[in-house]
Each structure stands twice: as structure tokens, then as C-alpha cells.
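Report on the structure given below.
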Amino acid sequence: MPFEGVDFYQLDRQLSEEERAVRDTVRAWVDDHLMPVIGECYIEGKFPRQLIPGLAELGVFGANLPEEYGCAGLNNVTYGLIMQELERGDSGIRSFASVQGALVMYPIHAFGSEAQKKHWLPRLANGKEIGCFGLTEPDFGSNPAGMITTAKETADGWVLNGTKMWITNGSQATVAIVWAKTGAVDDSKSIRGFIVPTATKGYSGRDQKGKLSLRASDTSEIHLEDVKLPKDAILPKSGGIKSPLSCLTQARYGIAWGAIGAAMACYDEAVRYAKDRVMFGRPIASTQIQQVRLAEMLTEITKAQCLTLTLGRLKDDGKLTPQQVSLAKRNNVNMACECAREARRLLGANGILVEYHSMRHLANLESVYTYEGTHDMHSLILGEEITGFAAY
Amino acid sequence: MKIAVCIKRTPDTESRFAIAADGKSLDAAGLKYDISDFDGYALEVALRLNEQQGPGETVVVSAGPEGTQEILRKALSIGADRAIHLGCDTLPYDGMAVAAALSAELRGQEYDLILFGRNATDSGNATVGLMTAALLDLPCVSAVSWLEIKEGRGTAHRELEGVTETVGFGLPAVLTIDEGIARPRLPSLKGIMAAKKKPLETRPAALGEARLTVVAMELPPERTGGRIVGEGPDAVPELVRLLREEAKVL
Amino acid sequence: MSGLAVVEAREGALRKVAFEVVTAAKQASGMTGGGEVHALLIGGSNISASAPELGRYGADVVHIVEHPDLDRYSPEVYAATAAALIQAGSYRAALFCASAQGRDLAPRVAATLNVSLAADVVAFEFEGDAILARHPVYIGKAIATLRLTGTPALLSLRPSAITPVETPAAARVNRIEPAIAPRDARITVTDLSGRAAANLDLGEAPVVVSGGRGLKAAEHFRLVEELAAAFGNAAVGATRAVTDDGWRPATDQIGQTGRLVSPELYIAVGISGAVQHLAGMRTSRVIVAINRDRDAPIMKLADYAIVGDLFDIVPRLTEAVKQARADS
């Protein structure tokens, strides 16, 4: 059955024809191409690489970057709708698109030279190059400014050394945006971004095995051992922890939308199931307990939709702040986790099978709760914004 | 080639289906519309022909009320070059009335091919394409399931109730396209943005007289189904008895 | 009123739909105070031998075009000839069959005559100067009542909607020439291939036995074929899932995007009954379902259902059907 979305407050009326057309196109693409394979991919722990050309052709990579670089040139609400629809399918697929667009193409566009932009952006947009974002380290997750990966300047360029962890696309990427300190290890102002082709000697990616979440996604450790780069590998306009954090703000914005997609998928599945499943001679949808569950889910989804559309319009008006994004990411991912859990419970025993989607979303969303700023970190970001005190 | 594709805006009735209070139309509340399925195949055929055979133009034409512009823009976002909206308050049910408007628009424009879907998913009549061709006095092949155009001549296959007919024809010609001929492409996001800049002209539809009208529409009689005769192979004799004596089909 | 039935033959023999159309023309005549029933039969050499069969179903006059180049359907020749005859004969109504050929032919004739066509109708009656006809719309989700005005009124009838009734009449033969020469046709049929004519087409067979995913593998379709063979007049259908997987050819698919069938008896074997499949067969007169799952949607639609393992039930049913037919 094709997915029809959830729109209790008729927010579609506030979308332009293009925004709806893009949303509907990605929705149909997910139904046609992703849904038939995602269960199997999840069980096997494999990212569906065969879908990359289709996603590229659709134009989802860096969709909100300018047309002159081979991108779709869409507004931020449209970008959000794309992430929503991808994550309705699976958080791992949306993660792939988030990384490619917000964490690889965005920094090249924001901090790169014209030559770098002209070379890399079209190739990343059409999926010929696949990127990953090397910021997080084994000992530096919530506190990326403490990183110990170094980039030492030499006569002909740079030498990078270090380890990054929990890197989406780390093993299958052809290019990595690596953040490293060019100065002393306690000097976070010396953090700069580097474009590292992964075929460069000294770069290796290793799949992190044993994941119980985001199984249809490549999550890897990457090692940089005396990786020699030319001078022009540096992103010239990057500098300080602000640079990678601004990339994260882009990604977190997309994730706020994505979480709504996951929640809608679980809610939709729960409603259909409740109406069909007959117990004690009547559909479980006619019982009070399940109705309360569904009412809660619909309420949370609707609230998140209203909040996030407003956020998207703020971004399109150039008025977005990172703290506004924190509020949305924190709220939406949390509510999506709860929707997935409640949907899973409503589905009963069937809810533990991969042919139903809620438990897969439930497991995935635990990662989404933790990455791109944990839920708790976003609480503190908001706390600092509200009170002026940094409590990290 | 200069190819015209005539498309129709039809409702998606998968989820929502209710008869309106007037007793002869669909309840419009919550209805979503799209390009009629078979018309989507026709559009795909046109786009592929022009991709494979060098530069050409694909023009989409649709008669209907205001909402028709949205499906024309969708066709533009899928890859058509130009769109023509023949406006009218409501699209008549009578294929002859619609064919009059389409043939008036298409006449004299020197299209090499004019494509239609085999039938619209709402009426299921399969008449407008053939009628338009007859009014234009152009050769027409209907229900095309396979097509090849070479040097101004065409060869088509038609699936007819278990047999395949191979048909030859010259250009210009009108074809109605069956499904399965090619997988229709989705619009790309760039295509959606590019569609905004492509020409979409609107003019009034020169409809013909409507002599076939819908006077009522109702749901089919409720089948009282769900009778379980029994379980397992032991239920077979009872089923056969019922089929013979009650249903009288054996 | 006088009515014309435009009948269809294939490979020199009249198809069952031809008798349906003549019966309908006879009924129309009865509805309007009597009047001659004419038939138009176009075909290759020796087609005139079929004229008396049309008389069995009520044709008073059979106009025959017998031409060696017309053994296959030639749309422009047939359309021009039918239009010319309808024009010359001042018929109140002309009826076609909404078979594949009829669906191609009737609209051409309507446009040539500048009259409207009620296509694919399942029932009709006269109301004053108009004809009211019923036609399934929205892929069978609703039935529309249409009002057709103008003379001649053209209708095409859904196959199997009318049951042929024998009301013998003279079937006086009137030979006519094609209105355009076959060699002047701009569309030429160069080949006709496919399954042997002996195999009943899904649209014509009184019984259809269909298989779905419940059969588990392509080789198990043999069970469905054997059950169909036991009936002697059954065709084999399939669901989309099964044709997508390549177990059966796409032309066997029954459903919203496949064939719409309306047989006397439809037997669904191992089919759950997805909405798009039901759309293709829900107007069958009698539906039988065999499925393991008593809650499958098809079980609620079926007039008679057996719950259980089809691998045990179907062979038993095949034997029972053979026995029942042998007994009768």
C-alpha cells in the first residue's frame, strides 16, 4: 500500500506546489525502491548501495545547495521534506543522505575554494563520489573540541594522524571531510577541515560490527596514519570548532524532519494494524487502550510537524539559530522514539518481526537520539541559551 | 519528432471513495488527483522516443478544470517541454465532446505522433484517443504494448485476449498506449524546479456537444460473501454440492 | 426500431461475444416495439458460412463483407464499412462488443458518424428518446448510469454481460462491399501470434481458476492448471505478485492493472485478495476461495470458501469436479 502521510492539521495547505511535488516524489520513490528491500538489508546489516544512483538521479544529495554546482537548488523546507520521506523509509538511508548533503557537500560549499566546489560538489551530487564526515573520535563524542587528530603542515602539504569513530559511510566513502588540529592539542581554534580522498595511502576504514541499531547503514572507524595531503586539501575558510558545528546544525535540522518521517511510519502502521486485527470479536482499534496510544502518537506528530515547518520557514528567511534546531531535534527524536515504542507494543507479537516496521524504527531511533548531539546535550544547549550558564 | 501527449487528471481512489450527495459524482473531500495511469505510460513513450531519436519536442495537452494545471506541471517536471491547458468548468463524460476540443487544438500543428493512454482510470471508456484520431483523419493504433519507430514508419504490438497482433503504420499517427510498455520515470527534483520555467499555455476548450451524460452513480450491490463451507479437503464434497445445486455453476 | 449488431469473428469462426451482441440487439428491438435485427459480419473467404448461426440468436438480416484480405481485423476498413452501413440503414441503435476488437472499432465508427458512444455497458434500456446504460467506473468501485441521446445510438457491451438467447430468425444474407479497399488501409496487421486459439481467453472463459503466492513456487501452478482442465471450459489466471515474479506471463495477470474478468465462476487458489486483485474479478458471478488464512480479504468476498492447505484441497477438488462432470 502506498504511504499517504499524516496531516491532521492540514499543513499541506501551507506548502507550495513544488514543496508538495518534491515530497510526493520522494515518498513514491521510497515506496517503489526502498521499502521492498529495507527489511532484508536491516537483517543482513548491509546498506543498499544499489540505491545510490537512484537517489542521486532523484537529486536528493545536497538538495538545498545551488544549481550552479549541479544541485537541485531547493529551499530548506523542501530539504526537510526530503529527509522526512527518506527516514519514513529508514533512518540509515536518511543518515546516508544527511552525511552526503549536510556534512560533506555543505562544508565544501561553505568553507571550500571555488576550485574545490566546482570539482567536488557536482560529483557528490550525482553520487559518483561518496563522502563521510570525520569529526567524532573514540574519546571525543559530545566534546568534539577536545579532538586529538592532528594535521601537521609540511613543505608540500599536510600530514594527518588520528582515529575517528562512528563515521557513517566511513568504509564506502571515496572522500572524507576530516577535522583535525593544526596547532596544539588543547587549541580548538586550530581545528581545520580537510578534503581527504579515501584512496590516499594511510587512510583506512573499518566497519564497526555488532550494531543493534542503524543496521542498514555503514558505520565505521577510520584511521589516518601519516596521510599526506597536498596544500589545497585544506578547506580554506574553515577555522575553529564553529566550522564543524555549523555543519552539524545543517544535519540536525534535517534530522528534526527525518524523525517525523519515522514517527509517521510507525503511527500509520499502528493505525492500519489496529483496524484489521480482531481480538475478542472486535478490532483492537475499538478498545480504549489502543485509542489512547494512537491519540498520543497523533498529537505528538502533529505538534512536531507544526514546530518543524515553522523552523523551516525561519531557515529560509535566514533567521535560524542553532538553539532553535536543538529544540526541534531534541523534541522530535524523543517523540519519535516513543511513537515507535508504542506502535511496537500495539502490534503485539507481530511487532517483533521485520516485516513490520516499528521495531526497526525503534532500534534505529535510539541511534538518532544519541548522534548529532545527544538528547541530553541538546537539553544543555537550550539550558545555556535560557540561563546563560554553560553546564556541560 | 514533434510528439503530443494527451493526458487526463483523474482521482486517486485507492483510499478514499464515496459518492457525493448529488448521487452522480465522487465526493471530492480529501481526494487527490494525478495523471491517469495509462497516460503516464504514454508520456514515458514520448520522452524515450525523443531521447533515443535525437532532438524533438514533447508537448502535453490536457482538457479540464483549473486543477488540470497541476498535472500538466507534473508532466513538465517529468520531462515534457511544453504544456497546453484547454480550460473548461467540468470535463464532459462524453468522449466525443472531449475529442472535439482535442482535435481542434491538435489540428494543423504537424505532430509526428499523438499519444494517449489506452483508457482513463476513472471512466474506463477507452474512447477519446480513437475518436480524436478519427476526427483528425489520422491512422490510429490502440492498446499499443510495444513500439518501434524507424524512418517515418512505425511497428506496434497489441495484446488482444491472448494473442499478439503486429501492426505497421506510417507517420503521422495517433497511438493509445497500454501499460507495461515501459516503466514511467518519476520526476527528479531538478525536473520539478525546471518545470516552473517551461511554457504552460491556457486557452478555453472548444468542447463538442455532450450527448452522453452521467445521471447516477452508485456502489455495486453488496456481495454477501464470507461463507466458509468447511476446513481442509473434507469440505470439498460440500463445496461441489453447493456449486452444483445452489450456485448452478457446475 | 431496427438495430444493427456488429459482430466479431476470429480466424473464420464467430466468437461467443457475437451471439451476445445479436441477443442484445434482439432485446433492444423487443424493448422498442419490435423491429428488424440486423447483423454486420466482416471476414475472409467463406465467412458467409457463419451467417445462419447469427440467425439462431435473432438476426433477421446479415450483411456480409467477404473479402480474402479481410480474414484479419483491419480497423479502417471495418470502421468505414460499419459507418456507411449504419448511415445508409437508418438504424436506431448499433451495438458492438466491448472486446479488444470492439473497443478499437466502436469509437472510430462513432466519430465517423459524429454520434456518441456508450462504451463497455453491462445493461441498457430505453427511456423515451434516450438510452440508459449501466457501466462500471473507477475500476469497478461504482456503477454509473449513463444517458445517451442521438440517433443512431452506439453502444458497446462488456463481454459476458449479456447471456446469448436463441430466438431463431431468417438470417437473410445481404452481401456488401467494404467501404474502402483493404489495400488502401493505412494500418496493416502483419502478424498474429500467441497461444493457440484452443486455449480459452480469460475474458471469455466461463470459469477462471487463478493462483497466487500461496502456491509458493512456479512449478506448483500445475495444481491450478489441472483444476482448470478438470472444468473443461476454464482459463488460468494469476495475481500480480506471481506475474511479477515470472511464474506466469504478464498477460495472465488479473487485477486493476491487468485483466478485468467477469466469469460465471472464479476460483482463487492461494490468493490473499489485495485490493488491486479484487478489482479485477469482484464482478464474477460466483467466487470460491481456497486459503489457509480465514481472515484473508478474499475470504470475505467469496461466496464459498474453504480454509486449509491448498496442496491437500485442490487435488481433491480437481477429482471431485471431474467426477461431477462425468456424472452430468
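Note that the chains are named A, B and C in the order they appear, and that numbering of residues resets to 1 at the start of each chain.
The criterion applied here is as follows: contacts are C-beta pairs under 8 Å (C-beta built on N, C-alpha and C of every residue); 3 or more make two chains touch, one makes a residue touch a chain.
This structure is a prediction, so every number in the text was calculated from the model and none was measured.
Peer 1: Counting only C-beta pairs in contact, which chains form the busiest pair?
Peer 2: Looking across every pairing, the one with the most contacts is B-C.
Peer 1: Farthest chain from chain B, comparing Cα centres?
Peer 2: Farthest chain from chain B, going by C-alpha centroids: A.
Peer 1: Give, as an integer number of Å, the spacing between the C-alpha centres of chain B and chain A.
Peer 2: The computed centroid separation for chain A versus chain B comes out at 39 Å.
Peer 1: Starting from the mean Cα coordinates of chain B and chain C, work out the distance between those two points in Å.
Peer 2: Going by mean C-alpha positions, chain B sits 21 Å from chain C.
Peer 1: Just how far, in Å, is the C-alpha centre of chain C from the one of chain A?
Peer 2: 55
Peer 1: Name the residues of chain B that each touch 2 or more other chains.
Peer 2: 14
Peer 1: Tell me, which parts of chain B touch chain C in their complex?
Peer 2: Those residues of chain B that touch chain C are 13-14, 17, 19, 24, 26, 37, 93-96, 99, 121-135, 139-143, 155, 158-170, 179-180, 210-220, 223, 225-233, 235-237, 239-240, 242-244, 247, 249-250.
Peer 1: For chain C, which residues are in contact with chain B within the complex?
Peer 2: So the residues of chain C in touch with chain B come to 73, 75-76, 79, 99-101, 103-104, 106-108, 110-112, 114-120, 132, 135-150, 186-195, 197, 199, 201-204, 207, 250-251, 257, 264-265, 275, 282-283, 285-288, 294, 299-309, 312-313, 316-317, 320-321, 324-325, 328.
Peer 1: Which of the residues in chain B come into contact with chain A in the complex?
Peer 2: Listed in rising order, the residues of chain B that touch chain A are 14-15, 70, 73-74, 77, 186-190, 192-193, 196.
Peer 1: Touching chain B in the complex: which residues of chain A?
Peer 2: By the definition above, chain A touches chain B via 1-2, 4, 17-18, 21-22, 25-26, 28-29, 32, 57-60, 63, 67, 72-74, 78, 82.
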